[in-house]
Amino acid sequence: MSNRTNQAPGSLLRRWSGAHPLSLGGFVLVVAGMVVLPLVVTNPFYQNLWTRILIFGLLAMSLDVLLGFTGLLSFMHNSYLGLAAYAAGLFTINVNPESLWLAMLVGVVFTMIIAWPVGWLQVRTGGLAFALLTMAFGMMYYTVAWKWHDVTGGDDGLVAAIEHGLPKVAEEGMVPYLDINLGPWNLGNTSDPVHVYYLVLFIVVVAFILTHRMVNSPLGAVLEAIRENEERASFVGINVRRFKLIGWLVACGLAGLAGTLWMFLERNIAPDTMHAFEGAEVLMMVLLGGMGSLWGPFLGAGIFILLKDCLSSATEHWEIYVGLVVIFLVLFLPKGVAGLSSMLRRKPSENK
Amino acid sequence: MKKYLVLALTVVLALSLAMPMAALAKKPVKIGVLVPLTGIVAQGGQEMVMGIKMAAAVKKTILGRPIQLVVEDTRVKPAVAVSKAKKLVYKDGVVALIGVFSSGVGLALAKNMDQLKVPFLSTHVMTTKFYGLNPLVFRCGQLANDQTAVGNVQGILATPDLKKRKYYVLVHDYSWGHDAAQRFIKLAKANGITVVNPDFDRAPIKTTDWSTYLTKIKASGADGIYIALITNVIPHFAKQATDFGLMKTCRLVSGAAPGPLELEEGGSATYGIFGASDYAWDLQRFNPKAKKWNAAFWKMFKTIPSDAAAHSYVGAMNLFNAIEKAGSTDAKKVAAALRGISFDGPYGVVRISAKDNCMRNAAVLTETMAAPANPYGAKVYMKVIKIFPAKVLGPPE
Amino acid sequence: MASVIQIILNGLVLGGVFLIVAIGLNIIYGLNRVMNLAHGSLYALGAYFGYTLVTGKVLLFGLDFEFGGLNFFLALILAPALVGLVGWVLERVLIEPMRDRPMIYTLILTYGLMFLIDGLIKANWGDTPHYIIPPEFLQKPVYIGDFSYPAYRFALLVGVAVVMGLLMTLLNRTRMGINMRAAADIPEMVSALGVNLKAVRVGAFVLGCVMAGIAGFLVGPLYPILPIMGHDMLISSFVVIVIGGLGSLRGVIVAALLVGFVQALAEAVITNFAMVIVYMLMAVILVFKPYGILGEGKFE
Amino acid sequence: MEPIISTKDLMRTFGGVTALNLVSLDIYDKQLRSIIGPNGAGKTTLINVITGKLGASGGEVFYRGQPITNYSVHKRVRMGICRTFQINSIFMGLTVYENIRIATQLHLGGSGRVFARRTSLKKVNQEAESIVDRLNLNEVAYQSVENLAYGDQRLVEVGIALACDPKVLLLDEPTAGMSPKETRHIARLIQELAKEVAVVLVEHDVELVMTISDRLTVLHQGGIIAEGPPQEISNNCDVKDAYLGSTKWAPLLETD
């Protein structure tokens, strides 16, 4: 009886409820492929590119937790990536230039500390006001990061703030490379793109599995209920504000995780990463990939980053083509790429 | 099931896209050009590309191989510039990077050179942080902030009308602007020039409406304005200052050369901008090489020769010659060859100091005014009023 | 004293430009429930059309030609009309098919549209900044005793007032405007009364685009015309309509002036964190008045 | 016997309009109380104020003697005050089973479990299944409710409230828009439920109300004009006036 949910065909927004053997196999296959990837393609450019895609995929996935699974819209989710990146970077240059895990912890915790009161305020308002508030706060973070030159390095990014850091770091003039240690073992160093790739892949896979568990957990069911019908959710006894806040914090924490990974990859963060337009692009990744499926946003991030990279290398007028592709996708792929696959998958009998 | 098929297909597609499109042709020497082609400074980026393209056309071959420029758009964003640099080095296999407009982008990029392991020569970055930054990082282009400050202060001291004025300092809010302001204020103080606001004003780089700053300047009682705004914005600022009637009472001294096309658009409103820079096409009155270069540039691009184009041209020539001199495209050898190399271009000998990897060259003090009849159809031009020898501008070696 | 007056005038000019752009954005939102992220690009388009008409140098992707150039005021009418035409095409081709989709999809669609229009502008007009040359008598500063202020900025304020007057007349006195206001409040009833809802919505979209075009033209002599000139304007006008109230026209007037003043004042007094104050204001207003200061979710 | 829900001088105004005027009402356990009245009498407002969807402008609501007037909705639901809506308010994107399950999960606990599977909450699932059985929705249990027939959606609406483990069940026109057959099914269900918990029924189907209710309360213009067993109410002159005053509702009393 208890596995009855597994037989559920599931609506468009909600797939992968319960790790079906097939999806599990697919997941293992994809991960295995990604593990082998840097061994096959040794060009650091591609390793760097895939690392970026994974990081932005994680960011887009975190937005999807909010948008696709809780029904809340954040216009500027990138700002939480930025906050974490700044926090992790500043921690590394000012406090402890050795520990990667500590920097990661600091980045994520800092993001959550900021996100908590902001979220508390935001969940007190309804639908559109929530989304607009994310924008107000996002622009606020952006302005602070940009204007607080002495701490953040202002418009130039963290590289310009290095000189205020620890003498050792200041001398080097850059956020230092960090050793990837696991207990007593040294697994690598962030100066090697392959090591960064594996670090990011590992974190992203773990985050994906945990998030997947979460959206399929009883907690996920609560968030789903809020997404589907907020009023009714409160009338089955859900403390809507509290669970919205939990969803928000999970999403911000994941975005923060992506932010710390960004810092290990780029070793620099500038305010332009926190700009409103970048936020729209994260939203685009989610929608192009397919809202409500955790893997869709990764696909969306991949498509969008590759598209922008390739087109901007190919022509100076890349904006025209990016615009055309985006318009085309929104018009003709209403549910994103994930939606396309589920449209193909869906048997006609299910639509009776 | 089809979901996984689609997924697999997408992965395959992504892979095939990402795989090197074709085996790299061995023949040409590839040079990566990083410039902003979109965003507020796109015009400056275009001019830099012109200068570098012209250098490639003049040089034709390096080590007997053709030169191939691979141009990438940085969008003036550090993260984009770094990822584009990685693409250029790892995917396209360029042997050197050249260009970069903004100091912020330049700094971010410079810090990645240990990993990228190719020489990077900036033709536009002006921040003094570039002195001796990294063995692989060079600057050969626009004057650095300290050099500009020396030029401008000397220019002010030599002009009685400028000398007695009180200056209000307004800069763009990023490392170059801050650096420029600090350099100027320090030197001005040492030479008895009055600065009204020693903790200078910082305007966001996207500022389009300067009215509040102009109001402040008016209220401060200053009768001179020292600006360090990016090339393309200087004429806009001058135009609004004229609109506000400020140019009647104030003199404008600029820490960077104004863009010629922007001057044309601003028209007579942009008259009266003083400033030290590498180059102005008016230098052709003094230097036959400048005349020749201007003519060649005009023939090639049919547009007014700009400072950005000229110093990018010189920087590129130095880089090309260094590769030739090194006899190989090995990064260390090219870097070694770049140290101490010099090129006698449109504005005289430009030498990259072996001490700090940054160039030394002569420069000009100019004032914008109505242009005499000229082959480029320019109505406003930067008139050369003084030429500084390289020794004067320093910094000492 | 003189600088206080100047700061007030600076705030008015900023606010006036925000007002015209934001009110267009809000008319579109009020009737179409579309947050048009391409609005800033249409504003840029208005400036470029204006530049083309005034100088007479027509660039058409290589098919370039020249004519004598139009009178400034004639161009002021024609350029926004052209933007309106573009808006009409966009509504028919892109917005109409998206009518039944959630708002975030139109948001992303118009974001793509922003890229497209910006790219086309760049491809056609290039990166060189331009200005629209105003008539001779508007080029010099106006002197009132010791006090001086650019004549064109005064003219811009007059222009904003005239445009707002015309807009209010249109909305309050004409059949189309009355239908629009009614349709924004209760679309079901309006369509039951036999008003062509579709036409009203197209009308609103075009009107919004025309407003963006007017604003673009009006700032043409003031700010450099660049392909990216609309980006910051988009964000500012977005902030304005959120503060004023989504869909509320009266709210926008108050909010535009407020944001203009705060920005002008803050830039002059506490330079560094000026904009943080504006966003804080936005957050506070959203928390206490989710529909904006004057918005009751109404269109008036 | 102590009333399970009582209201004392409950007031609710909207701007200048009084929707509830000094409503004092006692509802007892295992009783089927119907509330009738013409349109706009304040029936739904009364339910909204009791369940916390709307705040009271004056007066108090008590649950087993404890004042709960300022409690939030979810807190009241946790105490057992559950309701259905006049216009379907269900989780449209979810299946029937999930609609029911979320409600059982909330009262049986486990919502805080982040990394457990939903299927691991055995008790929750069993109870949800038993409620699906009880509603006769087995056949469509795994269909998305948006694809269901209206009558079945209406049943889901009742089912969700049922799954909240109610002590008091407030049903706002549960039969609205249903076929006679479906109405009979629901009526039977309501009668059964009234044997377990207190039921408050707002209903326009006077015939139904008269046959199944234990007690009736008649609201008119926000105030109670009559209260008593069905027989007594149908003979009450005030009630007739209230209904007959508005011709629109006149036929309702003539259905017999």
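Going by the order they are written in, the chains are A, B, C and D; count residues from 1 in each one.
By our rule, contacts are C-beta pairs under 8 Å (C-beta built on N, C-alpha and C of every residue); 3 or more make two chains touch, one makes a residue touch a chain.
Worth saying up front: this structure is predicted, and the values here are computed from it rather than measured.
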Practice task
Select the chain whose centre, defined as the mean of its C-alpha atoms, is least distant from the mean of all protein C-alpha atoms.
Solution key: A
Completion exercise
By Cα centroid distance, the chain farthest from chain B is D
Handout entry: Centroid distance [mean C-alpha coordinates] between chain D and chain A, Å
Key = 43
Fill in the blank from the handout: Chain-centre distance (mean CA atoms) for chain A and chain C, in whole Å, is 34
Handout entry: Whole-Å gap between the CA centroids of chain B and chain C
Key = 35
Exercise for the section: Would you mind pulling out the distance in Å between where the CA atoms of chain B average out and where those of chain D do? Expected result: 74
Practice task
Would you mind listing the residues of chain A that make contact with two or more other chains?
Solution key: 147, 318-319
Fill in the blank from the handout: chain D touches at least 2 other chains through residues none
Practice task
Indicate the residues of chain C shared as contacts by at least two other chains.
Solution key: 122, 231, 272
Practice task
So, with touch as defined above, which chain pairs make the list?
Solution key: A-B, A-C, A-D, B-C
Problem - Complex contact set, residues of chain A against chain C - result: 67, 73, 121, 124-126, 128-129, 132-133, 135-137, 139-140, 143-144, 147, 276-277, 280-281, 283-284, 287-288, 317-327, 330-331, 334
Fill in the blank from the handout: In the complex, chain B touches chain C at residues 37-40, 42-43, 45-46, 201-202, 206, 208-209, 211-213, 215-216, 218-219, 232, 236, 239-240, 243-245, 261-262, 265-266
Handout entry: In the complex, chain A residues that touch chain D
Key = 1-9, 11, 13-14, 17-18, 210, 213-214, 216-222, 224-225, 227-229, 231-240, 243, 351-352
Practice task
Sort out for me which residues of chain B touch chain A in the complex.
Solution key: 1-4, 6-7, 10-11, 14-15, 17-20, 37-38, 71-73, 77-79, 82-84, 86-87, 89-91, 103-104, 107-108, 111, 115, 133, 173-175, 178, 202, 204-205
Fill in the blank from the handout: As the complex stands, chain C meets chain B at residues 2-3, 6-7, 9-10, 13-14, 122, 126-131, 139, 141, 143, 148-150, 152-153, 222-224, 226-229, 231-232, 264, 267-268, 271-272
